[in-house]
Amino acid sequence: MTDEPPMSVARKLEAILLIVDEPQSLVALATAVGEPVPAVRQAVEGLVADYDGLTGGPRRGFELREVGGGWRLYVREDYDDLVGEFVNTQAPSRLSQAALETLAVIAYKQPVSRGQVAAVRAVNVDSVVRTLLARGLVTEVGSDPETGAILYGTTDALLVNLGINSLDELPAISPLLDDVDAVGGDGLDERGVR
Amino acid sequence: MTDEPPMSVARKLEAILLIVDEPQSLVALATAVGEPVPAVRQAVEGLVADYDGLTGGPRRGFELREVGGGWRLYVREDYDDLVGEFVNTQAPSRLSQAALETLAVIAYKQPVSRGQVAAVRAVNVDSVVRTLLARGLVTEVGSDPETGAILYGTTDALLVNLGINSLDELPAISPLLDDVDAVGGDGLDERGVR
Amino acid sequence: MAPSPENTAPSPENTAPSPENTPDDDREDATGFRVSLGVFDGPFDLLLNLLGTHELDITEVSLSKVTGEFIAYLRELQAGDDLEEASEFLVVAATLLDMKVAGLLPQGEFVDAESVALLQARDLLFARLLQYRAFKEVSAWFARCLVREDRRHSRAVRLDEKYRSAAPELVWTLSADDFAAMALLAFAPKEIPTVGLDHLHAPLVSIREQAAVVVTLLRAAGSLTFRELVSGVAQRGVVVARFLSVLELYRHAAISFEQIEPLGDLTLTWTAERWSEENLAALGADYDR
């Protein structure tokens, strides 16, 4: 195994699998690594066995699993409790002021990209948006046709928390919003923030 | 290696590293896996060597890197082009020369007010600082007790973006600046430069 | 972009960087120089460039040549209408000119306060220039690192659904009105565009921002003393800004106040019947610089 070429199919797959969010079909993986599907299938099977500790190495803390017709890295089930506990201690039970303000901006300006929110708040909001996503308070609602930036909106969970039935019931603050649009235009360089 | 216990420190770390989206310090990792820091340090070093193919296995398509004061899984550099093509991320717009210089001043002189940065660069830096704030590279770290001016410092995100672990890894520029601090006794830079 | 050293202008008197001044000039940098107008990000940038062009050490006293070019550049710059930018260049130009004049005067006869001050101004300019050069040089390192790391990919995937449910229940305490107030705070203009005088008088508390706070607090409470309004505020500037915003709000007839005895507690009451956030956006415009 140590004699394999440095850029084997398996290694290229590892690189791709590390960064994908969604399960990837064999065809998608084959396209990504530029190799024929049979070679990719074989390499995927090899990786599954490799991570399972069947090829001489350790049984990894993660595994490669096929879910819904696609392949993706998952935490090995044995470690679910460990990870669950970690997530539990990581996530505070209250939202920070920064998170609440970001949520407010998204609620009133949706659909809105992270770049636009960042422009209003004059700070980077990436990690805060991740928190809100994880909390199910905001969700991805599409993408900007021009820039491809992901657009965010609020969820029903927010409405429930606020005790209102629809976004129309949010108290009006519109006069200030017009201002913001003007400011948002130059707050950031044209392309915004990824 | 195959004889190791199923839930070794290294395997637990793998599970945690798979789900985190920010660099994790050794202390954070130790807390997460419930093991003493020295054991975690050793396991982390073992994983680095493991993924680098130094322990008998293949040189993986990913690697474990220390950046921004913590550890995180990265695609191995050799595969960045492959992955870059796959994700087709628009690179965020490059920082302008003015932004780079402002960032440098803030990095070396923090905590520093916009006024102090402007004095170094002899130009108004308001919009540039705004861009840096929106990018999350700098942040407000307090305010001058006398003037109330907002003071800025750099963020951990900057360290990650630079690929370094701490501000100590910034190149030394003090030899050039010693002169200035002597002359600058006009109240411009009492704090000097690290 | 910048003229290279071999294109050095021969003398300061005829090197005004406009081609029409040098129609018979055979140096191609005449146009090159003009094209580069505006690319200098600041006076130090230009000065460094000119010094580099003439291969002068920046600790060298003889700056008269560079001074001429600098002032010629400044003349061009004024066409740009950007008063603030022009004034930044002007300060440095004035210092350079001072130094040039001093160089023309007979040396060493008097050591009066004026020449000492001039000497200090010169040293300060050089010191600032040295400092600026150091940061400029190191910014190249920043650029290199940022570009290198930009290409790297780290693992940052969404948390699996099954782990999300492991997070502790969210404690939510805001009502819809609280939430709207939060939005108001988030949308309140954070930075009023300012002329860069910060290095003279350190800034700046936004009256508008503080007014938003005052409005939110007063509307929620109906009536508050000023002492309550600034409780917990450590910065004097913020207290002043809140007071000014109270005056402004009074002017807009949004609040009334009452003080039973001199120097006693000031009680503020929210009285506006129709308060639009537009009022807030326009509030304190007199204080904008």
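Chains: A, B and C, in written order; residue numbering restarts at 1 for each.
Rule of thumb we're sticking to: a residue touches a chain if its C-beta (ideal position, glycine included) is under 8 Å from a C-beta of that chain, and two chains touch if they have at least 3 such contacts.
Bear in mind that the values here come from a model prediction, so they are computed numbers and not experimental data.
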Centroid comparison with subunit A (C-alpha atoms), farthest chain: C
Chain nearest the overall C-alpha centroid of the shown protein atoms: B
Centre-to-centre distance between subunit C and subunit A (centres being mean Cα positions), rounded to whole Å: 36
Here the gap between subunit B and subunit C, centre to centre from mean Cα coordinates and rounded to Å, is 26
Whole-Å distance, C-alpha centre of subunit A to that of subunit B, is 21
Can you list the residues of subunit A that touch 2 or more other chains? 15, 18-19, 74-75, 83, 87, 122
Tell me, which residues of subunit C touch at least two other chains? 153, 155-157, 159-160, 163, 191
Could you pull out which subunit B residues touch subunit A in their complex? 1-2, 4, 6-8, 10-19, 21-22, 31-33, 53, 56-62, 73-76, 78-79, 82-83, 86-87, 89-93, 127, 130-131, 133-137, 139, 155, 157
Would you tell me which residues of subunit C are touching subunit A in their complex? 153, 155-160, 162-164, 166-177, 179-180, 182-191, 276-278, 280-281
Contact set on subunit A toward subunit C in their complex: 15, 18-21, 74-75, 80, 83-85, 87-88, 90-95, 100-105, 107-108, 120-122, 133-136, 161-164, 169-177, 179-180, 183
Which of the residues in subunit C end up touching subunit B in this complex? 41-44, 84-85, 88, 91-92, 123-124, 126-128, 130-143, 145-157, 159-160, 163, 191, 193-196, 198-199, 201-205, 235-238
